[in-house]
Amino acid sequence: MKTFTATIRDTLAAELRRDPNVFLIGEDIGAYGGAFGVTRGLISEFGPNRIRDTPISEQALIGTAIGAAAAGLRPVAEIMFMDFITLAVDQLTNLAAKLHYIYKLPCPIVVRTPAGGGRGYGATHSQTLERLFTGTPGLHIAAPSTAADASALLQSAIRGATPVIFIEHKLLYPLRWEIGLTLPPPLPFGHANITHSGNNVTVVAWSYMAHLALTAANQLAAEGIGVEVVDLRTLAPLDEETITAAVRKTGRLLIVEEGPKTGGFAGEIAARIFETSYDYLEAPLRRLAGPDTPVPASRTLEAACIPTVETIANAIRELASL
Amino acid sequence: MTFHSDFDCYGRMVLIRRFEEAVERLFSEGRITGTAHVCIGQEAIAVGMAAAMQPNDAFTSTHRGHGHFLAMGGDPGRMMAEMFGKATGYAYGRAGSQMMSDLSLGFYGANGITAGSMGLACGLALQAQYHNTGRVVVCTIGDGASNEGMFHESLNLAALWHLPLVVVCENNGYAMSTPLSVGLANQSIAARAAAYGITGTAVDGNSLSAVRDAVSLALTQARSGKGLQLVECHTYRLSGHSKGDKREYRSPAEEAAAWENEPLARLAAELEKQYPDAPGRIAQLNQQAAETIAAAIEFAVSSPDPDPSTVCDDLFAPHLPTA
Amino acid sequence: MKTFTATIRDTLAAELRRDPNVFLIGEDIGAYGGAFGVTRGLISEFGPNRIRDTPISEQALIGTAIGAAAAGLRPVAEIMFMDFITLAVDQLTNLAAKLHYIYKLPCPIVVRTPAGGGRGYGATHSQTLERLFTGTPGLHIAAPSTAADASALLQSAIRGATPVIFIEHKLLYPLRWEIGLTLPPPLPFGHANITHSGNNVTVVAWSYMAHLALTAANQLAAEGIGVEVVDLRTLAPLDEETITAAVRKTGRLLIVEEGPKTGGFAGEIAARIFETSYDYLEAPLRRLAGPDTPVPASRTLEAACIPTVETIANAIRELASL
Amino acid sequence: MTFHSDFDCYGRMVLIRRFEEAVERLFSEGRITGTAHVCIGQEAIAVGMAAAMQPNDAFTSTHRGHGHFLAMGGDPGRMMAEMFGKATGYAYGRAGSQMMSDLSLGFYGANGITAGSMGLACGLALQAQYHNTGRVVVCTIGDGASNEGMFHESLNLAALWHLPLVVVCENNGYAMSTPLSVGLANQSIAARAAAYGITGTAVDGNSLSAVRDAVSLALTQARSGKGLQLVECHTYRLSGHSKGDKREYRSPAEEAAAWENEPLARLAAELEKQYPDAPGRIAQLNQQAAETIAAAIEFAVSSPDPDPSTVCDDLFAPHLPTA
């Protein structure tokens, strides 16, 4: 049994060993091991040249990663909390995402970043901000919900040629999974996973919400409600085919998203289903997401902002009964 | 708030120390959660700045803001309640440790984004200049924050516009685990002032009087129209960056040496040298601080949780009166 | 007949005259009058204290506006091209949008910014980036399509208490409308406008696309296709009621968006209709938007990236015939 | 590209001048559209930098990049075709004036975001250091760009890491309409170097040899492991910022004075003083430049438009070989 944290660390170590062009860059990733300990210990094996602590300079950190990638290195950058990626939106939007289209340069950067609430960190340390990037052509986005997927996708991301935003949910870090002695093989982006099979309601989710959806599906199986859980694994590219098949199978769709409902990625998925599978729906689609508000620090208030196994299960029950 | 004597200053400094110690203890006991950055060892800067300020002046803080807030007159009970996520907290539990504020005290808030309040401070100063209110804004940042682009943009703009702004850098030697030498190409933050055509000052940040004098002078200059001032205060962050910090990036010897120079004991020693009755007064202030903190925790613990149904309230400000 | 540009200029002038707390802040807005000439001439009436040229410092410019607003002033900031607002995403997301919720401070800032393609400016000067903000609770977003609406909404924005992203499409600037001698009264946010009435297909659009949709609707009237055009005017708050009524009226919906289709705001609208009006739809909803690619500079290529009256009309015809 | 003599340099400088004049003319005739920022008056910097560089060195440019690109060996025909949005342009019409590049020349592109290529330059330099390739990166920015946060973050990081990077600031007195005095609190950009513990150099940017010497020295230092260098070149932007610029923010007298000091005539005069055969050679180079530009326009005009069906191609790079 290995934690999500340790699995990512082992994957980074394996990639660092495999390819001398791979290096890590970020704030306090060396001796400190990163705010969540993901890179802990790596500096003793790989040294400060490959585990590069930067000043608190998110723009330059990401810009430097982009330039290094354009010249042939394979940087894996860490943004300490996804909330701070707001400071690098320019470099990611106006440079990384356009580097190949306009300049014909490769841009194999991976930007790892912890996202999400549930730890009482407050409004500027708890956001899920994939919405800042899902509308930017030229970026890939991974949001795994298990350690194995995280490892497999991270390997792909590092070995690819495309800028990747790699979202690690904070609540996944301490969770444990059975991971064999060898890491899983790389998993190409764009392949969703059916983590639970059922005939009544399809649930589409990603990152920590996919984990909760699976738990809810297991619970509901006992009640005789069959839930098809589609764990997206990557948001860009999006595996529309798998989603569509799952929706057509059950005729009912719930999309679960951690962030505020308005303007989230669930809307995109809903629109695509609307466009492609309108005739297959037997009930109105539903989005379960956070309210349109910042994430407050107090545990009581924070809990009111994030879908839980219970609210997911309730939403599924409701949909199933329509 | 007003400080009538160095004993008043000592009283607030020891209150800050006890508050932060309580925060560390409550975290380790699992009674409060989330995150918090304590300022043990930096109390002289917080109180020195506050003691130099005038009642109408404004203050912007950092992620490490408890000491600043207390020095500006923040109520330990409501602060502690905020740490506990209670309805009686400064922001009813919304802010937590990193985003507390009280405008009635001129305390425009802590900020979870490193250097994130520097633009805010420029804007507050611009309003003061625009309406010639005589207000000066004190904006605190850390040494690590001085590497953010916002530092550069704000200082250039504030210097250009002669804004009534005093930027105080609490140089505590580290940004999280990153020592100055890994974060700053030129380790003097005061030296960065020259890039904006102003003179920076560096002082001993563990000396209450040195901080107070330097900030007083800076405030006077800023208030008289001389514009942006930069004061660097050398200090040391005696605790870890935040609760999870094992401090493996520095040696116990280094920490022990820093403890020898910590500001609270230094001030006590100075007071004892100057005033024969100091020991008694200090003991009393220590006692008061302990009681205040105990009461603050009691207040927090006995306060109700916020009502989850209020979570969407107040997203938008109500309409303001217009001209 | 007055241009969009002149109408905004006159509105700014009127607000500057009305309230001494109103001031403008931005790059080259003084003597130069802004990249698109919107503020041309204002400095001679109001002087450099109220028409404030800044260094090229988007973060500090927006941060300063936020602070001034928190202290009681009413800044109207200009970001020269919306593409550069990427540099201020942190200040807008982590500070402005949370200022009232967390700090109980008002934040009456208006960030005016020219958006969109059609002028051959290339990939970093042609984007429509409302998608960076539509998912951020705490911000208001205006995207008017006529001079009168722009004036009315701008007045509301300046007099309000909330941070507003105010999108001005570059291709609207030179267009002319009949504007009376006096400016229109302020228009509260959250009220869409039915600019064309029809029974066959509803088109929802905003900014320049609403302008094009209206033209298409007029053309199609001659062909006997009745188009209900909903010009959103503001994206946040969103007038869901008017959209819903229009969709229920026609049973057919086309959403037109200038930016890339994936991750745009059209998805949000589609999801809401799905949730609220599923039973009223007689045909699958359609989104007409740009392809998932940056906007190239060449006119030939750029034209392939942006909906036109023709492509809108075709999409309507298709929907009407389903 | 290689410059064997000052006449070679003159040849490129006059080519740049003619290219930019053509761009202005073509815009005013409505034959090209979009946007472009010409560098008339700044040719000595572009060519001085390029002449100081070694073949494997890399270059990052700004929005005002035609001169840089030509100095690095850019092909006027393909550049002009890009301006016309043609399929034969450097980016098949995708880039336009502001984003052209040619990696085979080490020209890592112009950039539409002010200071937006500074991180890119740091990263290119990091790769050179990482693999010890001996390459140095030259990163150009304008005076206005030095007010962006990215300037500060990049310089601090590059200085800390001793990256083989030479930042050349083309200080042409204005950022769009904003004079130095409105943009920079301290008008010396070279002076900003001290904030990063390095020494900045300021030179006459209208003197080819002054630029070449200063950049040569900087390149040598950077190549020898001394890390980041900052060179400020004083010049003047003789044209408007871009086509729409009425230049009402400055006086005709100021412009006239600047014309007296423009680099092309200055270099011609110097050459004529030194070489008896200079007038003839210069006349020939002028003639060649005119012909090259005429041919470039002809090439662009007669080239096909890009195929709109290709608009979504190449968004993602093909898979790269990995270790």
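Lettered A, B, C and D in written order, each chain numbered from 1.
Keep in mind that, in the parts below, a contact is a pair of C-beta atoms (placed from the backbone, for glycine too) under 8 Å apart; a residue touches a chain by one contact, two chains touch by 3 or more.
Computed from a prediction, not measured in an experiment: that's the story for all the values here.
Chemist: Name, by label, each chain that touches both members of the pair subunit B and subunit C.
Modeler: The shared contacts of subunit B and subunit C, listed by label, come to A, D.
Chemist: With centres defined by CA atoms only, which chain is the most remote from subunit C?
Modeler: Of all chains, B has its centre farthest from that of subunit C.
Chemist: Where the CA atoms of subunit A average out and where those of subunit D average out, how many Å apart are those spots?
Modeler: Those two chain centres are 40 Å apart.
Chemist: Go ahead and note the Å separation of the Cα centroids belonging to subunit A and subunit C.
Modeler: Roughly 30 Å separates the two chain centres.
Chemist: Based only on mean CA positions, could you tell me how far subunit B sits from subunit D in angstrom?
Modeler: 45
Chemist: CA centre of subunit A versus CA centre of subunit B: separation in Å?
Modeler: Computed value for the inter-centroid distance: 35 Å.
Chemist: At least two partner chains per residue is the criterion; list those residues in subunit A.
Modeler: Those would be 55, 57, 59-60, 83-84, 87, 90, 94, 98, 101-102, 123-124, 137-138, 291-294, 296.
Chemist: Give me the residues of subunit B that touch two or more other chains.
Modeler: In subunit B, the residues touching two or more other chains are 94-95, 99, 111-113, 116, 147-150, 153, 156-157, 160, 182-184, 315.
Chemist: Within their complex, state which residues of subunit D touch subunit C.
Modeler: 33-35, 85-86, 89, 92-99, 111-116, 144-145, 147-149, 175-178, 182-184, 244-245, 248-249, 305-306, 308-312, 315
Chemist: Which positions of subunit A touch subunit B when the two form their complex?
Modeler: So the residues of subunit A in touch with subunit B come to 27-28, 30-32, 35, 37, 53, 55-60, 83-84, 87, 119-125, 291-294, 296-301, 303-305.
Chemist: What does subunit B use to touch subunit D in their complex?
Modeler: 147-153, 155-157, 159-160, 182-187, 191-192, 194-198
Chemist: Mind listing the subunit D positions that touch subunit A in their complex?
Modeler: 58, 91, 94-95, 99, 101, 103, 108-109, 111-113, 116-128, 130, 149-150, 153-154, 156-157, 160, 314-320, 322-323
Chemist: In the complex formed with subunit B, which residues of subunit C make contact?
Modeler: Residues of subunit C touching subunit B: 18-21, 23, 49, 54-55, 57, 59-75, 90-91, 94-95, 98, 100-108, 137-138, 140, 159-162.
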